[in-house]
Amino acid sequence: MAADTLQVGRLRNVARHWRPFAAFAAVFLLWLAAVRFEWVDPRFLPSPDAVAARAATEFTTGTLAFDISESLRRNLTGFAIGASTGLLLGLLLGFSRTAERIVGPTLLAFRQIALFAWVPLLSVWFGGADAGKIAFIALAGFQPVVINTWQGVRGLPPAYRELSDVLIFSRVDFVRLVALPGALPAIFTGLHAGLIYAWLATLGSELFLNVTPGIGGRLNEASQLFEMDLLFVGILILALIGLFYISSAHWLETRLLRRRTR
Amino acid sequence: MTLTTSANRPVEQRLTNSSGVLADVAYAMTLPLVLLLAWEFSARLGWLPEQILPAPKVVWATIVELWRDGSLIDHTFVSLRRVAVGFTIGALSGLLAGALLGLLPGIRAFVWPIFTAVAQVNTLAWVPLLVLFVGIDEELKYVCIGWSTAIPVTLATTRSIANVSPNLLELGRVFNFTPLQWMSAIVLPAALPSMFTGLREGLAAAWQSLVIVELFASFEGLGYLMIWGRQLFQLELVIAAMLVIAAIGVSLNAILEHLERFVQPWNSEALHGR
Amino acid sequence: MNQIAPSAAFETNVAPALEIRGLDKSFIIAGRDVKVLADVDLSVRPGEFVTIVGASGCGKSTLLRLILGLDLDYGGAVLVDGAQVHRPGLDRSIVFQDHRLLPWLTVEGNVAAALRRSLLSRTDKKKTVRQHLELVGLTQFSKAYPAQLSGGMAQRVAIARALVNRPRFLLLDEPLGALDALTRLRLQDELKRIVQHEGTTALLVTHDVDEAVHLGHRVVVMQPHPGRIAAILSIPEPARLDRSSLEFIRLRDKVLGLLGVGAAEPSS
Amino acid sequence: MNQIAPSAAFETNVAPALEIRGLDKSFIIAGRDVKVLADVDLSVRPGEFVTIVGASGCGKSTLLRLILGLDLDYGGAVLVDGAQVHRPGLDRSIVFQDHRLLPWLTVEGNVAAALRRSLLSRTDKKKTVRQHLELVGLTQFSKAYPAQLSGGMAQRVAIARALVNRPRFLLLDEPLGALDALTRLRLQDELKRIVQHEGTTALLVTHDVDEAVHLGHRVVVMQPHPGRIAAILSIPEPARLDRSSLEFIRLRDKVLGLLGVGAAEPSS
Amino acid sequence: EELTIRFGNPGVGLDNRQYSHGDATTYARARDLIEEEFAADKDIKIEWTFFRGAGPALNESVAAKQLDFFLLGDLPAIVGRSRGLDHKFVFATTRHEPVYLAVPADSDIKSIDDVKGKKVALFRGTNLQLATDRILSVHGLTEKDVRFINLDTNAAVPALTSGNVDAVFGGPEYLALAKKGIVKIVYTTKGDDPTLGRNSSYLVATAFEQAHPDITQRVVTTFVKAAAFASDPVNEDEVFNGWAVSGFPKDAFEADIEGDTLANRLNPLIDDFVIARYKDQVARAKAYGLIKGNVDVDSWLEPKYLQQALKELKLENHWSSYDAKGEIAQLGDLNKKHTN
């Protein structure tokens, strides 16, 4: 019977791999039907083959591949800067009660300022070129990471803090052996959110700072010229890249956290 | 003899409630004051030209002026209304969706990837499309703000529920709890801290989205004020709007935090002990 | 209170309340498939008090989890009243080895949690919660949170919670482990009385062999690697009643011997 | 191994390793100020093994926390080697009542965690971790995670962790509570041997009076409401060595009597 | 030592192509005329930055001291100037840039008069707002007669096509949509009152101009030469080809210029017309609260480089100069040829 259950488990795993695709397929069918039966004004909803054709030309004769790589480069650079700064500051705030009391409230207040409100200031301070964009993306990635890391460390069960007191852990050991692993779920929440925001900011930076190659500019072009096929290509690419980011983060997370619970 | 050595633990413990709050406020004000002083000095010494960073007194004068002519209140009210409606819609649907996804791993397996994919396409990209379907009036603002609120709330709720300790979940099975009891006695309290984090994220996202959507299609609101300030290259207007947004954000956040403490007495009580 | 049910009263022709047949259970530990329970057979009659002793890690807690229906991934059969166990039920209640109190509920609230499905009126619920807190000596702490309790106090709350619902089956995983000698003796007698009085069928895991012999109609001795039943000893009622009786001491030493302790603990 | 230090060897003129004077400790529970330790005085000499028994909730764990320096909010003085305790130190190690293993580290990793501050070479660290896992019988589980252990196994890991650093003071909060009789006896003797051999000063909290008398040079009996010392009994070496000696049984019964159990447990 | 001359333009090509269109400097960019001019100077590098159709972002970069030469529409230039951005007005890049009224293909709006009471999209705070306001006032309307909705160009297109607004005032970007049949153009400033429409200017950062007057002169001369080339009707096709490097189709330029001439549109002179238009814009911007301080147009102008260029190129009499009302004050050679 134990062996049977294992078999069932394996089958269930296969099914699990299938399910996400089912949802995507359903949405695709819905789209096809909406086009076919004209549920939506055809000017607003391009057909899948029009979008596919546009994507093909954009990738072969157009600049889309380069646009994507430029957006990704900015996104990753900015996120790396923002997330690592956020992680370090978050840890500092989590460990040092004094740092927390001095910096914490201001940080929370700053976080309440909408991201896009920073565009004019960052643009004037860093210029509208790559420096300004990356600063903006870094800021976006920084905020959720710093907050979640900080709260994650703060929320560590007191029992674990005591334990590291008793084992006389150095700061480094405390971070490595207790705080980081203990705060890891929270930190991952922060990184997830940070990735999402940094991706939003990448698009935003390409729309609100000056235009250089990137997906943001292409989306803007699509909506100005009312080219719905290009708009859909852009949206699909945004979704795919975001999905890739999130699933990689999730994969990493489950690998790291897997063995903790029964 | 009570021990009051140089060790800071007992001192900290004794600084409960009233005096503790005072000390906290003193600490909290340090950094803003330092920043303000640095800002004022650099303005006085002319390190930063006015176009790069207007002096504090210019920003203050702008706030006073906006206050006098009533436009600050008008813009604030409009934004608050939009955020209130959008956030409520978004938070409720996010909590609901998150609860469903967190509780039903079967559905989660179907929907999660497509949800994450769609969540990656942010307000900015949706707006041109959304305008076609919901128009450009208040509905557009509510939908955008609600959407951006719902995403972090859903994410956090799903994760917090999916991460509730299996040991505690088991307990509910042992007591044969009805789904409702199971939710109220185990899942909810266990997930509450992260859910509140999600709500706070959602609130922040609501403000983000407000600015974006007020840029796209609005004549009023704090976000509009900010965009207007940028358009006219009046950074003092931008900073004034930022300050007001931050002040409101801090207050709303404080309310959420208070609520959080209120619904989790076990945390605050236990903290007093240990 | 009437003194009933000497162990002789459990005739073999009475339908068993709990029946375990050919139970096998494995876990994957560090990549390897490890068998933790092998071929366990056990029949428990209604109203019987069975105690289980055995080395650490021999699968006692696992066995209780399977009886509860918390884990269905095993070989063999677990039957309660003749029916295969599919899920936990209100008929079976447990004191977990880790007390598992809900940190967000007060002592009172934790005990009351077990009554959510009960049909009692609100005042009756309140009353029975109070009575059970009295039973474990924690009336004064009814408004405290778990983080404010000592280890033994938390364990007593868990006992109150398991009893409050008057279950037909009581599964107890070292419920008295963290208790001081006095409280322990008192609660042992309370458990014995309750089981007898209510006709409850009880399975108690313990490391205290005196406790096993004092409480059990039968003592199950388990052995590790893989966990299996080494012996089942019937305890005659006189031995259960008098801890200084020669029979009690003989049985205790026999259990100790089965556990491999023989030489260390002298029989007086 | 040399048999040293009968309790008579602990002269009063030796400077105490640990001295507790007029200790008072209160907690706020449900809004009220509750005194949990009142006027506790205790002197422990270097190399002495002191065991503590007392009702659940009488403040035993709290006392250990204060000795560790985890909580400084109390009245009175706690002196280690004549100096007031301000913080935990590598000289004092503890087995917490809840084992407190770090869930994200393997068994091995949890034990090695206590060696972070040690000056041993890497290979020596590995070796001593392995030795201590052997000592508690968990070599096979060195790569397992805490969630995969039984309650008793987790407790044994915590014991290995406390010992691995060869501390001068060993604080043990019911370290053997979840162990089966055999393992328990074995570990009792190991503890006794280690303490004697290394000259460690040990404080052990237990609910098992046999254990208290078997291990302690002195047994501290505490009483609740508020927690205070009711009596301190010196155990002569012969009684400690022979569990069947009349002296052992007399002392055990005396402790039980002090705990209020007198009548229930018959002296054989 | 090394010197980088940094040029900025508030427009960008399709696919983010680093090209723009609509004036002589963007034609020069397409044909590398500046690069050619400085080809011999090994230590001088040329750098172009194209901003997405927006003065604000360009102004921010000017404040961050990242640009030396840049083109700006009238209002953004005035706004930057009012905030103390230190630059000089060296020549006019365009004048009479038409404003169009676009409506959905099936709309019954037929002229300016029909927008009364309608929902109209408008990008506030841009020179479009001031241009629209003048159009309304010339037609006897005020902003109050119309229900304006603040929309940027991105949102205006879908809003218009989905029927969320009834009309939109905008630039030549709507010509392409009209060609696709998605909207139709029912009014343009072309041929209407000559003071309607928008103007733009070329500006140099004062710091650069003072440090490198010689280079400033060479830049201005190169652009004026390009303007002269572009103003010649025989070159029209080549100019459109140059602009089309930005990715926008030639026929859109043809449609935009229809009924007007490049000679008229690209006239670089700082004449009374231009000065009057800028002064009027300053007054209106103040009236609308778009700027706080004053902008003294006269001290902003720095025509000496333009004059020197015209002299060097022997073009003093090439373009006509106009009076404040837009009537010809002094007939230039171009118009003579043209009228002949």
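Per-chain residue numbering starts at 1, and chain names A, B, C, D and E are given in the order in which the chains are listed.
Definition applied: a residue touches a chain if its C-beta (ideal position, glycine included) is under 8 Å from a C-beta of that chain, and two chains touch if they have at least 3 such contacts.
Labels paired with UniProt names: A, B = Binding-protein-dependent transport systems inner membrane component; C, D = ABC transporter ATP-binding protein MJ0412.
It should be emphasised that the depicted structure is a prediction, and the values quoted were computed from it without experimental measurement.
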Set of chains whose contacts include both chain E and chain A: B
Steps in the shortest chain-to-chain touch route ending at chain E and beginning at chain B: 1
Interface with the most contact pairs, given as the two chains involved: A-B
Length of the line joining the C-alpha centres of chain C and chain E, rounded to whole Å: 88
Euclidean distance of C-alpha centroids - chain D vs chain E, Å: 86
Centroid spacing, where centroids are CA-atom means, of chain A and chain C in whole angstrom: 50
Where chain C and chain D are represented by their mean Cα positions, the distance between them in whole Å: 28
Contacts with two or more other chains, residues of chain A listed in rising order: 41, 44, 120, 124-125, 207, 223, 261-262
Multi-partner residues of chain E (each touching 2 or more other chains): 56, 60, 63-64, 154-155, 157-158, 161-162
Chain B residues counted as touching two or more neighbouring chains: 51-52, 128-129, 132-133, 167, 215, 230, 273-274
Complex interface listing, chain C residues touching chain B: 68-70, 87-90, 92-94, 96, 98, 100, 102-105, 113-114, 116-117, 145-148
Complex interface listing, chain E residues touching chain B: 56, 59-60, 63-64, 79-80, 82-85, 124-126, 148-152, 154-155, 157-159, 161-162, 164-165, 290-292
Complex contact set, residues of chain A against chain B: 16, 19-20, 22-24, 27, 41, 44, 97-98, 101-106, 108-117, 119-121, 124-125, 143-144, 148, 151, 155, 158, 185-186, 189, 192-193, 196, 199-200, 203-204, 207, 216, 219, 222-223, 231, 234-235, 238-243, 245-247, 261-262
List of chain D residues in touch with chain C within their complex: 27, 29-30, 53-58, 60-61, 97-98, 141, 143-144, 148-153, 156, 174, 177-185, 207-209, 243-244, 249, 256, 259-261, 264-266, 268
For the chain A and chain D complex, residues of the former touching the latter: 159-160, 162-163, 165-170, 173, 177-178, 181-182, 184, 257, 259-262
